[in-house]
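Have a look at these structures, which come just after this line.
Each of the next two complexes has chain A plus one more chain, namely chain B in the first and chain C in the second.
Here is the complex of A and B:
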């Protein structure tokens, strides 16, 4: 097969996949712009001839998305920073320090990856109640500040650092903190970026847990807030769709900004520089 | 001049059940260029890391100057190490790399700049100061690594096969430069290599290790002319010394060592042999011959250029023109006796 045909085929496959992936997002946008009663029509409308841009402002005010988004931002940023800190420090210890029970402790960290989140919900809920944290920020943040996968990924990444670099830094007089700050983190920046984005995404998209541990609007995250929108406007589904898009918008922006970092983080280690 | 003697006293090092060093006692005098030479895995790097403090000895004493440094932190031992991999920080410019140890020691900015400049000048990397290590050739990286070591003006340099990643020509060039650097700084150098040519050309003295055991310490001439045992005899010199069974010369119980250049091809010679291989290096020939003893022992003969080399298959007579070395054929130790 000539290469031009092969390239064309490859692009065709990629285009098909892209369409499949993007279609739900597109249809959400379309539905947000249609009058509520048109959404259920069959065959579905694929292009709104008279887009209702009002849906967005309505969703913003009726659903009071502003405060929800603020709560989500606080929770996600705090969770991300805390998860970064704990993962990096624990991974540093596992990668560079010698201490008793190192292997056992690392195995325990890995074991947390095998436990489905559903299993931990009830015990975590109990703990939160016990601490008197119901309907507070700590309830939304603290259960997610330690990440088994983060520790694992950073440790793997740190271990790829040549031993000579560590030794050179030791001889040059750099202690652990300065070695971490001046050498390890700068050399693992793609990994830090990728993990930060994943942690942020994970936190932002939480639904069940925030629903469970909050009962006032002031502590509800945007995903829970959307649910309330649904209750308010049963016949105005377009507003729900518009709200969904607004809730996802920060994530889109984040992904656009850090796209390159993310890809580099995912392929980090594939090519040694 | 900050240079200091470095000594290891009865150093023992085990990694689990692996014994890397066995009772190693060795001193590099202040200002000396001491070579640690030996085959792969004999414990050279381990010895160096113990001096640097990157590894703690299982037993024994490490001294730098008159201070016992067993319990001194690596950074306070005031030795600089040059790694085989160069160990440059890839995210920092050459300037920052060279500056790195000074920053850690909180040297004032003006002095820092001054010293970086001097180090860069003496290794001819001034032009490269703003580049990243990734944009340098192997030889340039090596120079930067050396600049980072000398900028500290340490009591001793520890170098672990610093030239082994360079191509042959650069290696010769850097060899001369390292010798020069040593002469101008006068700093003690402990230099690890498994290349005996490097050892012979650079070292004031050579310490030869085998499987964690020190075999011999001496000047290049001493270890070449009076190898302490069969191992040293066959490790130093290229092509290696021929080791012949003593029976061949009527000296049972001994192994007789003959350097390839201590043979000549001479019709008057007493040893009959057949030529199996002739290698020409331009200025000399390496001639492999099979002796006519029962075992058909192979010997290597080195002829200088004006000589006309024999052809493969020729029958020749060999004569001794240089000293013979006698070793106990059981222990391998050198036997001194009146020749």
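Here is the complex of A and C:
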């Protein structure tokens, strides 16, 4: 086969895959721009000649996407920052300090990796009730402020720093806090970025837990909010589609901005090298 | 001098405890305590009417629940879902990664498109497909020949496969990223050498590339099985376990038993069972990762 035909075939395969992957997203966008009653028209409209953008504002206000997105942003950012802080602190202790029970505590850290949050929802739901946190931000954030995988990844990353660095820092009169802030963290910026993305995505995409512990629109995250949207009438489906786009948009932007960190975060530990 | 060293060691240890305290306080309250408590709650039978005291029945509730169809049927539904999604997800991700592996002009765009579904969440994907599969208005329902009636999500035979397709599509991006990373870790020299030896494209792929990336394939399989058994959002948004329990996966059954029926005891027993299942899968993965590290050292 001549090379040009081969190349053309390759592109054909790529385009076919791209169309299949993108079609649900494309038709979501198209339907969001159609008048509600036109979505069920057959043959279907595959290109909106007169796009209507008010479905987005309707989803934002009538569909409560505005408050949902606000809650999700607050919860995800707070959870990410807290998980970064607790993980970095604990990882520093495990990587650089000597203390009794160090091995036991680290083993316990690894043990948490085997306990998915889904398994402990029943007592955790009761704990939230007991603390009076039902339908509040703490209920959505506090259970996830510590991350076993975060501690593990940062410890691995910290331990790869050359010993000389620590010795040099000690000679310069650096204490542990200064060494952490001025040497360790700046040198581990890629790891901080990768874990931040990983933690943010995990928090943003949660579904079961927010469904359990919230019951008002002011505290529903966007994922749970979509369930409220699902119940709209058939002639308001443009609002449903617009809502799903608004819900996915922040992550899509994040993906475009931080593609490299995202890939690193998602594949952490999966592929050697 | 010795006293000084001693003092310093104590100071270091105190600092270490301060640093690990936030993480371990959270672990204690939201991981270890509830794990033990779940096991404990599984030993109490909840009376059928609210207000009556719970009765301690010990491990007998474990044997009765775990041998009952209310647990076994959801376990089977979860297993089916895993069978439908995991091999297909790996194959599709690998196929896409292979198609996008060669450097061609415009490949960056294709890579971005192929990984685009990671921008969606389970809820986003589920609501999109729920609307597109609506038997009276949905475009996909129209294309597969459903006009009115209960629709594919209300069909006992096809509801679970439909849920699997939604999961598959939502996971394509992740699978593609994982497989692309694996493919780019295969050294070109090895493939070139195989080509010189006369191996054709397909042969090279299955005899050289696939064995070399088998650790990632195994990792993807375990991750896929684990997340398959944790499926919840798709069910809640697409089928609510129906029709007639045909998509009532394990975690959804735990949720309705606890949240809707307030049967904490039965739900706890099933949560413990899910935990044991996932621990076994995770251990399998750890053992394998250990062995892979060993391989890497040997080379």
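Just so we're on the same page, the second predicted complex is superposed on the first by the 193 of 273 C-alpha atoms of A that agree within 3 Å, B and C clash if a C-alpha of one lies under 4 Å from a C-alpha of the other, contacts with A are read in each partner's own complex, and residues count from 1 in each chain.
One rule holds for everything that comes next: a residue touches a chain if its C-beta (ideal position, glycine included) is under 8 Å from a C-beta of that chain, and two chains touch if they have at least 3 such contacts.
All values reported here derive from a predicted model rather than from experimental measurement.
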Query raised in the report: Counting only touches as set out at the top, which of chain B and chain C does A:183 meet: first, second, both, neither?
Result: first
**Report entry** Which superposed partner A:174 touches (first chain B, second chain C, both, neither)
**Finding:** first
Query - chain B versus chain C as contact partner of A:165, first or second or both or neither - result: first
Query - First (chain B), second (chain C), both or neither touched by A:146 - result: second
Query raised in the report: For A:100, is the partner it touches chain B (first), chain C (second), both, or none of the two (neither)?
Result: second
Query - Superposition-derived comparison: chain B or chain C, residues of chain A touched - result: C
**Report entry** chain B versus chain C as contact partner of A:2, first or second or both or neither
**Finding:** neither
**Report entry** chain B and chain C footprints on chain A, overlapping residues
**Finding:** 273
Query raised in the report: Okay, in this complex, where on chain A does chain C touch?
Result: 7, 10-11, 13-14, 17-18, 21-22, 24-25, 27-28, 31, 39-40, 42, 44, 85-87, 89-90, 92-94, 97-100, 102, 105, 108-109, 112-116, 118-125, 127, 142-148, 151, 176, 201, 204-205, 207-208, 211-212, 222-224, 226-227, 229-230, 234, 237, 240-241, 243-244, 247-248, 251-252, 254-256, 259, 262-263, 266-267, 269-273
Requested in this report: Could you please specify the touching residues of chain A with respect to chain B in the complex?
Outcome: 162, 164-165, 167-168, 170-174, 178, 183, 186-187, 273
Query raised in the report: Residues of chain C touching chain A in their complex?
Result: 9, 12-13, 15-17, 19-20, 22-27, 29-35, 37-38, 41, 95-96, 99-100, 102, 104, 110, 112-125, 127-132, 134, 136-137, 139, 142, 169, 172-174, 177-178, 181-182, 185, 215-216, 219-220, 223, 226, 230, 232-233, 236-237, 251, 254-255, 258-259, 264, 267-268, 271-272, 274-275, 278-279, 282-283, 289, 292, 296
Query raised in the report: Which residues of chain B touch chain A in the complex?
Result: 49, 52-54, 74-75, 79-81, 83-87, 89-91, 100-101, 104-105, 134
